[in-house]
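One chain, chain A, appears in both complexes that follow, with chain B as partner in the first and chain C in the second.
The block that comes next holds the complex of A and B.
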């Protein structure tokens, strides 16, 4: 008797023959959901295993065994961990991250605002760094192994080698303190005029750009060089195509997949890795929210931030994977 | 009649970067001159490093990598194209002079449809409208014998076979109605039965369109079928230059004579082939993806003799070697070695069994650790199988180096410092170090130039006489089979179609496929291609 699993496998194989693209993309989507669920378990368990206790931190000096027990009971911490996990998960799927233990306010509401701020910062950092990195990568290829290439390489490597808080403080010292042309701290609030808002995020944006630039630039350079040395680029040249036309028509489609991959990785970093930068610049984004929550052991907030960071990371990487799949003619047009 | 292409005292240089030394400028083509008239074909022939591709590309004023043309003239219709600026030379490339590369698979952009790439240059140069170019491409696909020519252009490079790609590349070169096409080894990477089709298609297209061509190859028999004149090159110098008939039938230089006579029988077939050293019985094997690659193969290798396994790419001949070594355990069948049964999987075999079967690969380059010296490479099996160390091991290695005609001077060299032929010799010495009874040779000469390959074959035959070692020699080259085999196995799509003593397999009555294979091997004879094509036509008319 054929097992049902074998039947599923055969069906998948058949589908893969006829629609390799759809099957691959569906697989990626499924894997992403699975991964996100696994992360949710890890986050919940990790937060649970953290040393320290909210009730103790909250009560501080006035803690008595009785008051601690009362708070724990109020928050439902006396119930088994699995029950609490599934309750939390059930809420999360409906978009409800529970209430903050510290303030009692719904986490979802706070996070929406904070995430908005973080994405605002990440968006401008990306809008500047991605074109700049790809452009510099192309310039580096054009002047390969000559002075401009080396300067770009050395400067971007130096930028990536410095920790972001260090870059942040240096920028603050020069541009805000000594020259007085930039705003610090970068605190933004509701109904802030756009011009002021942009001025406020100038320094954190610059810091982020410097941190992610080198990686993307070097990958662009490597991807283009590898494509440029392929035989079909020689064919293009021997067809009498101009250098620009050859790059746009023949090099670009084949260099896209590796570049998109590293761009996605860095975009994810822009959202997830801003924690330190937000703290340095006192920017009211997700990162600072999370750091504050960790200090007071406000677990629902920590969990929510962790899960959202993970979701952003997984989503962007999945998007990169799908672009790479779609960009591959072998998968788009099966034999 | 005036000359279409006239090359005068062409000198080409390159900069090399020897490890640990300052960059050096060297000359790789030393003053070559030739003339080519409209509609004629000139064959450029020589070994690797002879400068033939470099000269061919000079007709497009192009230097590959760090190569540059240092002096001389390349006159296209009387005009020197070398001093032209970028814009001027672009007008010539892809319009008046086109190029067909050896590896069409790498030379087509995987991201675009074949049709778009074929007409690209023609449209780009403003020679035809898109629609006109498309129509011409369809016509060219048809005269090049491509399947479903109307829709062929809508396919992507990965969707067609290697032979079809090579023909598509020829169509790409012909599309703009150029005055000259440079063919750079267009059939070298193809199987013989495919090569003959592509060769016929190219010849037919050249005749129909009246374009002139430079035809670059290392195979004199191939170029003899298609050229009017032949230029023999060696190390960047002209060895001999003349009409094809004179070169083939009456070569004047020693080197040309050697090239013409390269395919000759070396070995008389052994009479008694019953003493089987290796017996493969009813082997069927499949790879992990469930695709069966060997179907019920049975054959034997006689002791001290050579069994040649021939077939085209994908016929399963290398897989058979993998099965014999135990790297790919078969799902059915057995392997007998002498009187003993061999375990199917390599990990279950005794060290002594492993020692008695050794391998030589096609790419000696990739089969050696580039960070080990020749002494370490050959010494390793001595230590592994016989526990020899130190001075004793070194003495053995030097003895082996003498046997492969290289000598002690190579003991401390690294593979990168050796030529292709020398690397293959080291690989042979490494196999011999284990004192095997059977050596599986997987196309050991197909990446080598003909004269170098000849030396390797001579060495293998001498070693066989001295050591009574058996060879299972995998090849796609019938000429090699004729030269060295005692018995022959012909494979097609994972099945054994013919097996027996050489004299039986290679002489009538033939198996159908063996017949096709034999007839497809280019012969050093003028008009051979026409003869074969005519006989094929008669056969298909007779059916």
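The block that comes next holds the complex of A and C.
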């Protein structure tokens, strides 16, 4: 029996045989869209469930019944929740995220700026912390249970054990207040010269590096050690390879999947989870932007931020899976 | 410098006290002749502002939801921004709080203070070069009061029924007489904009000493000097940069490292540490803002005046000022007015902590069991600590207070003005009339103590239209007593505004009007070096 559905299934199966990776990516992307839609429903419902609507919270203690009514009418807040949701969704499908209720400016325009700032900071923090963490992890394995390993472990664990705002304050006190060599506050703005921009983010980047370093370094160390105890590493040693070369050539590629996963999680954190660092260093990123919007229930902004954060997580996790599959032939051809 | 002497010095700087008076009063306050003479010299020299330079301010209270439109100003940040680029018709005097001319040159009420005529200043230019006309003024006031208004000043202007241009003068007709009308027009939302701001409320075109150069909501705002400013006694620096710094520690670090010249909202808990920095000067101003514990007079068990009195006597005000405000404040007396208001009612006995009286009234009220108090850290800084402190002092009077800590998010819509006993705060108002009308008149939207007293309402309305100051003062005395002895307000403390500057700036004026030198800080400071 050749029903159409079976035909599709067969085609899919054949595609999977010939282009396993493309099929996987297409499937994941399809699922992501579904996930993003679910996220938007959750956020919308969540903000609705919060006490007080935009008109009340925006006017705060200076609200009068008339001004509240005027704002509600202006924004159409008095209409049913489903109408408002589908109206918003209709806009998004056409690429229009709407205007911020508070400022009246297009959300896309504001978010581009803030997201740019967040990515700028995250990029430099990642560019320093990822190679550093992986490198230190390898060094730690090489000197396992000896002094360098211990020092790396203790220092990185101490850094992760301190809350990030505390690391931030310590850096500010020493480098900005006492020595006066670092730029503080780290406010960046339009048309800021590139060199000043880099100087401004020095302290927040250092803070973020310290916060994410230990996690990635320890995972690198643990993954390599587990690979090291396998039989093929013994063979490598027996055939006369030097210890460091054996780690780089044989252990690292096999240990890559768990490391890449941890790296992806930390990268996502660097983009979406650094609101505390933003506040301490007065850095205008996405985190503070979303918190401000939630405080006054500015729905279009909250939604857009939520979707971007979700998309960052989904994409980075997908990238991690793809890297793991590419690095490991066994995953590439599942039986 | 001790408080009174500092106050005298700032009055010298503001041209309000001559040498003889200053030295006499400073010596009376404990200064030697030599010290007083030298201080006078310094303060008088401070009259000569230096011009030029780039002034940087690190301010709490900005958010990415801020807008330039003055009608929608609600944060400390936009409040200070409005003062930079715009002017109101009337300003309030920094030390007396009385109405002084700004864009309105002079004004005149009719006999019952229900119709007011304002002369508008001539020859004032907007930033775009257009001249200020009566039309702009009328349209601005219309925009804040029309039926579509979303303005924060809508409540203040509720009694204005007619806004007209009569032969080039502004004529305001009120639904009932109001002797304080000019001061209402000093509200920071009421910035005069070209065409009333109907076309583009966010343009930021005004008549103020600085033009907006760049504004990124929740990040920073920059300004350049308005070379065509109609006043020469303000706006001394070439450019101003205001940076949003919502973290108290970040503000302190930025100030003590000299990255900014001024910060607001210094935390009373850490002000002692900041004082130790050699390049920093703390600027405290007695304010009208107050922290309150409010009971609904119409809700059981608080509908019993003996219980309300018991709870008032159970409050240890001195300790509150010392512990919660770090000493930067004054004790309150359960009515929302302090001596910074014109026509302050003198001679009302200060209510003190008295566990015996509290116990007596508590027993008389017949109330059994505990009293539930709701609080949150957003009610005022240290509100939860204050509630715990209050719980302890009440315990000594045999009153059991149960504290319920509410989430900060949504506190203003779910707890304040909803629940029968909670903590809250009030900023000051320009006049006694406005303070009482906002929160103690039976029909007020914000009657957050549910204080319904027809005698009180009657006197309030009479006093509003009374142009005889002595009679008016007498009426305010009676009203204060009613609120103090029968109201639902427990007012333990008036909080000072605590700001800080670096030592290389001068010109900070202790302005009782509001925080940050009533928002005028950037227009008043100048750089010394």
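The definition used in the following text is that the second predicted complex is superposed on the first by the 295 of 335 C-alpha atoms of A that agree within 3 Å, B and C clash if a C-alpha of one lies under 4 Å from a C-alpha of the other, contacts with A are read in each partner's own complex, and residues count from 1 in each chain.
In this section, a residue touches a chain if its C-beta (ideal position, glycine included) is under 8 Å from a C-beta of that chain, and two chains touch if they have at least 3 such contacts.
These numbers were taken from a predicted model, which means no experiment stands behind them.
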First, second, both or neither for A:104, with chain B first and chain C second: second
First, second, both or neither for A:89, with chain B first and chain C second: neither
Superposed model, chain A: greater residue contact from chain B or chain C: C
Partner chain(s) touched by A:35 [first = chain B, second = chain C, both, neither]: neither
Partner chain(s) touched by A:60 [first = chain B, second = chain C, both, neither]: second
Partner chain in contact with A:323 - chain B first, chain C second, else both or neither: neither
Touching partner for A:185 - first (chain B), second (chain C), both, neither: second
First, second, both or neither for A:172, with chain B first and chain C second: second
Chain A residues contacted in one complex by chain B, in the other by chain C: none
Chain B residues touching chain A - in the complex, by the definition given at the top: 60, 62, 64, 89-95, 98-99, 101, 103, 106-112, 120-121, 124-125, 155-156, 158-159
Interfacial residue positions of chain C with respect to chain A in the complex: 58, 63-67, 74, 147-152, 154-155, 202, 214, 216-220, 243-247, 249-250, 253-254, 256-257, 259, 409-410, 412-414, 416, 445-446
Touch list for chain A against partner chain B, complex: 230-232, 234-242, 245, 249-250, 253-254, 327, 329-330, 333, 335
Chain C-touching residues of chain A, taken from the complex the two chains share: 50-52, 56-62, 64-67, 70-71, 74, 100, 102-104, 110, 113-114, 169, 172-173, 176-177, 180, 184-185, 187, 189-190, 279-282, 284, 288-289, 292-293, 295-296, 298
